[in-house]
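Order of writing sets the labels: A, B, C, D and E. Residues in every chain begin at 1.
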Amino acid sequence: MSGQNLVERLSKRFGDKITGSNLEAIDPWIEVSPDGIAEVCEYLRDDAELRLNLLNCITGVDYFMADPKKAAKAGWEPHTEVVYHLSSTLNKHSLVLKVILPRWKDGVEGELPEVLSVSGVYNTANWHEREVYDLSGVRFVGHPNLRRILCPEDWVGYPLRKDYEMPLEYHGIRGR
Amino acid sequence: MLLAAFDWHSLFFMFFALLTCGFAVAMLFSDNVVHMAFYLILSLGASAGLFFLAGAEFVGAMQLMIYVGGTLVLLIFGVMLTAQSRFISMKTRSGEWVMALVLGGSLLFLLLTAAFRVEDWRDGNPNAADIGIAESKTTTQIGMGFTGVRVDRLDAPEDSTLVPGMSGYLLPFVIVSVHLLVVLVGAAYMARTKRRATSTGAAA
Amino acid sequence: MATQLDDARIIEFDVRTDEMLVNMGPQHPSTHGVLRLVLRTDGEIVSEVEPHLGYLHRCAEKIGENLTPRQWIPYTDRMDYLAGMNMNLGWSLCVEKLIEHDLSEKAKHLRVIIAEMGRIASHLVGMGAYGLDLGTFSPFLYAFREREKILDLFEEACGARLTYSYLTPGGATADLPNGWLQKCSAFLDQFEPVIQEYHALLTTNAIFVKRTAAIGVMSGEMAVDYGCTGPVLRGSGVDYDLRRDGEERYTEMYDGYAFEVIVQKEGHYPKDHDYPAIPKEAVLGDCWHRFYVRMLEVVQAVDLVRQAIDRYSTASGDWGVPIKLTHKLPKGEVYLETEAPRGQMGFYLVSDGNAIPWRVRARSSCFCNLSVTSELCRGCLIADVPAIVGSLDVVMGEIDR
Amino acid sequence: MAEFFHTTCSLPTPLAYLVAAIIHCVLIIHVVAVGALIFIWLERKVSGRIQDRLGPTRVGGAFGWLQTLADGIKLIAKEDITPKDADWMLFKAAPYVGFAASYCAYIALPFSDGWVAQHMNTAVFFILAVLGIEVFSPILAGYASGSKWSLFGAMREAAQVVSYEVPLGMCVVVPCMICGTLNLVTIGNQQAGLFTNWLAFNDPFTFVVAVVYFTCATASVNRAPFDLAEAESELVAGFHTEYSGLRWSFFFMAEYGSMFLVSGLAAILFFGGWNGPIPIFQVLGWSESDGVLLYLARLGGCLNFLLKGTIGVVVMMWVRWTLPRLRIDQVMTTCLKYCVPIAAFGFLGALFWQVNELPTSNDLPGIGINRFEARESWVIEADQQRASRAAAVTPSPSDVPIGPIGSVEFDRVEALVMTGGAR
Amino acid sequence: MIGISPVSVSHYLVVGAVLFVVGAICMATKRNALGVLMGVELVLNGANLNFIAFGSKYLRAESLGLDGQLIALFVIVLAAAEAAVALAIALNFYNNHATIDVDQASELKG
């Protein structure tokens, strides 16, 4: 199935939950709205033609330039992306999904952006979403156990955000 | 020679007797179950020493094996049941202590009086030193006793101690064996609890 | 003290004991590094296992946002430090995919040699350490004896024994030295019969079979659902190997190689290897099968290296020249997975057009493989926990990155 | 030995006993402690060879024979740590309980004909009982450490050793039954002659029983593949996780002590004890002579015994470095489903063989002695009693004969047994 | 003999009496079911000591002979049986009540 066909089919089925696509990229991707990701994934997993049963990876990417001069040249507004790499062990193909989120929920600093959890669809997502939450600061709604996974539970901040600053001190250990 | 002046038998008796009683008392005054079991083991082990001194080496080894081994099981259950709350001990109320000590003391007094009252018990065997070492070996005799033959009574008058057919301990031995088997099976059955059975019982 | 009779996690018991929470790790010999498993046990029975990670977290991804791709190569070494070459390979391919750099034939065969040798070395450790988990020490040393020889070869090629930084975007840092191929062939000839020793010590050992067969059984669906990959996935009978099914940029390395995916089909593993019979207790997807798949992959890797050596010596082109340290990356984002010894190692690279990537992400195979632990260990005995975790063959460096 | 001091050195009796006791104690402590040193070194060498390496080479010359001593010095210098949560008294006491038990069992273990610290009529029974006490050490240590891993080790140890005592006892009973005594010296002496006379080769059942005994013995001294109590890949180090320094090394001395003990017991019960495969000393007539020649014969027997015990220990090492560890349920299954039935079956089989006086390997044409006399060893003991009484210096008129059960009376007793006690 | 008279049956009886009394007090005062059980063991052991003493040839010329030892053996075996049953009861009690305090055992239903 060609990329264009797939996008059309998904759009037909999920309407405005499919918010865009980029088929010219090296790895073409489809953009899904934050509240639609779970059902889209479920559909992709169960569809007889696609059978995207393996969730390879979930990645949080933060787009933010602290320097206003550079930010003007960047060519994008600050935002956070959650990237899902899916593949099929049966049909041997893969797909990239993206969810584009504001950096902070409702623009309020400190309020994490929210996206539906797919841990009910793929069990792999459980730990990957925890990692994204831990490092990139995205809240996955409906996750059974959303805690930090790599950093200590009382760690402050989300290290892979571009505006992250290492804390000065952590339990008496000098940070920077 | 000073060493020769000692009665070694008495000395060892004193030693083991003190250990036995001392650890028994230590057990009495200990609150921790595992400590109690530990003291009990030492006390029983020391009393096995007393058995050896009295020339009952088979019973002594038996005591070590079964009694001490049995206490081991007590110890294990003590550990198991107190693993979570090791330092919680059940204190005895002081009133109970006083009562128990008064009653126990009077009982002890009674027993001690009785022990020294009988003339015959008070004197040791004057010929104890003459008994050959080999003669104290009772294993064979005990073994034969269990099979129904009292080899130590072979020379006794025919009609006095050896009643035909009742000469040994075969019957009690069999009864005790069967008893032990039944008890062990019963105990295993009792101790075994099924969670499902219990929880439905609790729910009902 | 409240009774916990209604706790559904407690399995049927004979003598009820209190539940205990015990920490297995982070300092524990059989958690393969600094993994911490919190076990909830009822006597010897484990009712719940919760892995805690992060003790070896070294911010590799954050560092990647501050270094150029070639500078980041040494950090990939330190992920799966038992298969550094394969980590290098994954990252190199990912970067090459972004800059659309194509390799010569020779460089590709070189990479096959190195990657498959790395796989042998890695599986040897996995096998030996699994023996350790089950309480036998000797196979570990037997495995290390052979692994040392591979490391000697690697050392000769790149100067390092553990963190190689040998394969880089663009090819490799140097060609194989003169005479290396002969030494490598000699090693393979010597090594192949030794594998029978491992089978005798572990695979067919009655106690080993008892400890691993039908323990930690994972169905193929479950393995895919949890994102398990590599030998763990194939041990569950899923026919999926990126060397055959992956992206073209990766599979073209193996074009023309006689190669069959090691997976059980219709009760048999590929017949072209001499292997001991599958014990009748073993169930597809249990610890034994995961271990066995690794053992067969070692044999297969030997075979692949042999082929690669032949083709390398006759191949055209050069061994591949590394890209410049500060090669300017085109704008874009790429994701590429390779079949590392422990599973699919994926790298995701987002570039905004600078020499330094905007975002780097490593998809760790062990991370996903480990996530299935709590599912597999539910209701097993304490002694089964090392058996199960060991059969997943995790390396904490890769999980925590 | 006390008699020796009494008669030869004309020491007074109590002092003679005291000196003899001290000498015995010192000798046994050497066997246990020095033995442990040697066995730990040997274990390293054996494991090294098995694993394709050299083992210790540096300390003390060619074979690194001083390695254990160097370790010992290191351990002495180490800090002795008691965890905060530990039960102080039991924690301190536990290693010594194990060592003392292992040491005590040696009292009844003969090293050669008559070379035994305490000639005990119930030696087999005593050794088993004392070995049973040794279990206390891991249990107390595990409980007192205040560590959950140690507690697991303790509970495993308890379950394992208590279960394995059953088949172990059954196996030990078989030679005792064939020889008709619990006295180890007598059992050993009855196997004099060619190796066909060894009880393991008495009949097929005894051989099976010997194998089962060795398995159970390995389990009861906690050696791999049954070393669950200290399983380092599961329980870190089990019951001795929290121990350090010299206190920790006492566990090891106890372990190696009991390893040799059970191997030695196997040697006496099944493999001829101090009798070599070919009775050189008997052929030479040394063992019937006295003085230096007899002493030499005994010494040769002692070496024989030590060699056999060491072979047993080495086999245990070999097994340890070859096999993976069993799981606790498999250990119990091995005991209850395999060892106990096989031992019971072997017991019945050996009994059947004995009762029907089926031919033993000793009855093969051309070798051996008639074993009939040997079977009734309690009769021999009765004769010994007689002798001891006869040797008594002051026969007393009040000395009531307690058991005229000598060979003269044998027929009478047998008749009694046959008729169920009714005369 | 420095102040120590030769050991006689009476001496053994004294030790036996002490064990008996200590065991009895133990049974009376311990609230832990296992403690009570240990008290019983002590009492039985005290009695055993008496049997052994009466049966020992070293202590009396006219001894009970072998009977003392045989009875002691039976006592040991029966004590083991008794301990097994008592332990089973204690465990059952613990399983149902999550305590082993005998004072809590005031109801007669399981």
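What we mean here is this: a contact is a pair of C-beta atoms (placed from the backbone, for glycine too) under 8 Å apart; a residue touches a chain by one contact, two chains touch by 3 or more.
All values derive from a computational prediction rather than experimental measurement.
Which is the least count of steps on a path of touching chains running from subunit C to subunit D?
Counted as steps through touching chains, the separation is 1.
What chain pair has the highest count of contacting C-beta pairs?
Comparing chain pairs, contacts are most numerous for B-E.
Taking the mean of each chain's Cα atoms, which chain ends up nearest the overall Cα mean?
D
From the mean C-alpha coordinate of subunit A to that of subunit D, what's the distance rounded to whole Å?
Chain centres of subunit A and subunit D, defined by C-alpha means, are spaced 68 Å apart.
What is the distance, in whole Å, between the centres of subunit B and subunit D, each centre taken as the mean of its C-alpha atoms?
26
How far is the middle of subunit D from the middle of subunit E, if each middle is the mean of its Cα atoms, in Å?
Distance between chain centres: 31 Å.
Quick check: how many Å separate the C-alpha centres of subunit A and subunit E?
Centre separation, subunit A to subunit E: 73 Å.
Where in subunit B do residues touch at least two different other chains?
In subunit B, 6, 58, 62, 73, 80-81, 83, 127, 131, 135, 138, 141, 152, 191, 193, 198 touch at least two other chains.
Please set out, as single numbers or ranges, the residues of subunit C touching at least two other chains.
As it turns out, subunit C has residues touching two or more other chains at 1, 15-16, 20.
Would you give the residues of subunit A that are in contact with at least 2 other chains, written as numbers and ranges?
Not one residue in subunit A touches at least two other chains.
Residue numbers of subunit C touching subunit D in their complex, please.
20, 22, 28-30, 43-44, 131-138, 141-142, 145, 201-202, 205, 207-208, 210-211, 381-386
Where on subunit E is subunit B touching in the complex?
Answer in residue numbers: 1-2, 4-15, 17-26, 28-32, 34-35, 37-38, 41-42, 45, 48-49, 52-53, 55-63, 65-66, 68-70, 72-74, 76-85, 87-92, 94-96, 100-101.
Which part of subunit D faces subunit B closely enough to touch in the complex?
It comes out as residues 12-15, 17-18, 87, 89-90, 93, 120-122, 125-126, 128-130, 132-133, 135-136, 139-140, 142-144, 146, 151, 154-155, 158, 162, 165, 181-182, 378, 381-382, 384-385, 387-389, 391-392, 394-396, 398-399, 401-405, 409, 412-413, 416-417, 420-423.
Which bits of subunit B are touching subunit E when the two form their complex?
Of all residues in subunit B, those touching subunit E are 5-7, 9-11, 13-14, 17, 20-21, 24-25, 27-28, 33, 36-37, 40, 43-44, 47, 50-51, 53-56, 58-59, 62-63, 66-67, 70-71, 73-74, 77-78, 81, 90-92, 96-97, 99-101, 103-105, 107-108, 111-112, 114-116, 118, 120-128, 131, 135-136, 138, 141-142, 145-146, 150, 152-153, 169, 172, 176, 179-180, 183-184, 186-188, 190-191, 193, 198.
Which residues of subunit D touch subunit C in the complex?
47, 50-53, 148-149, 152, 155-156, 224-225, 227-228, 231-236, 321-330
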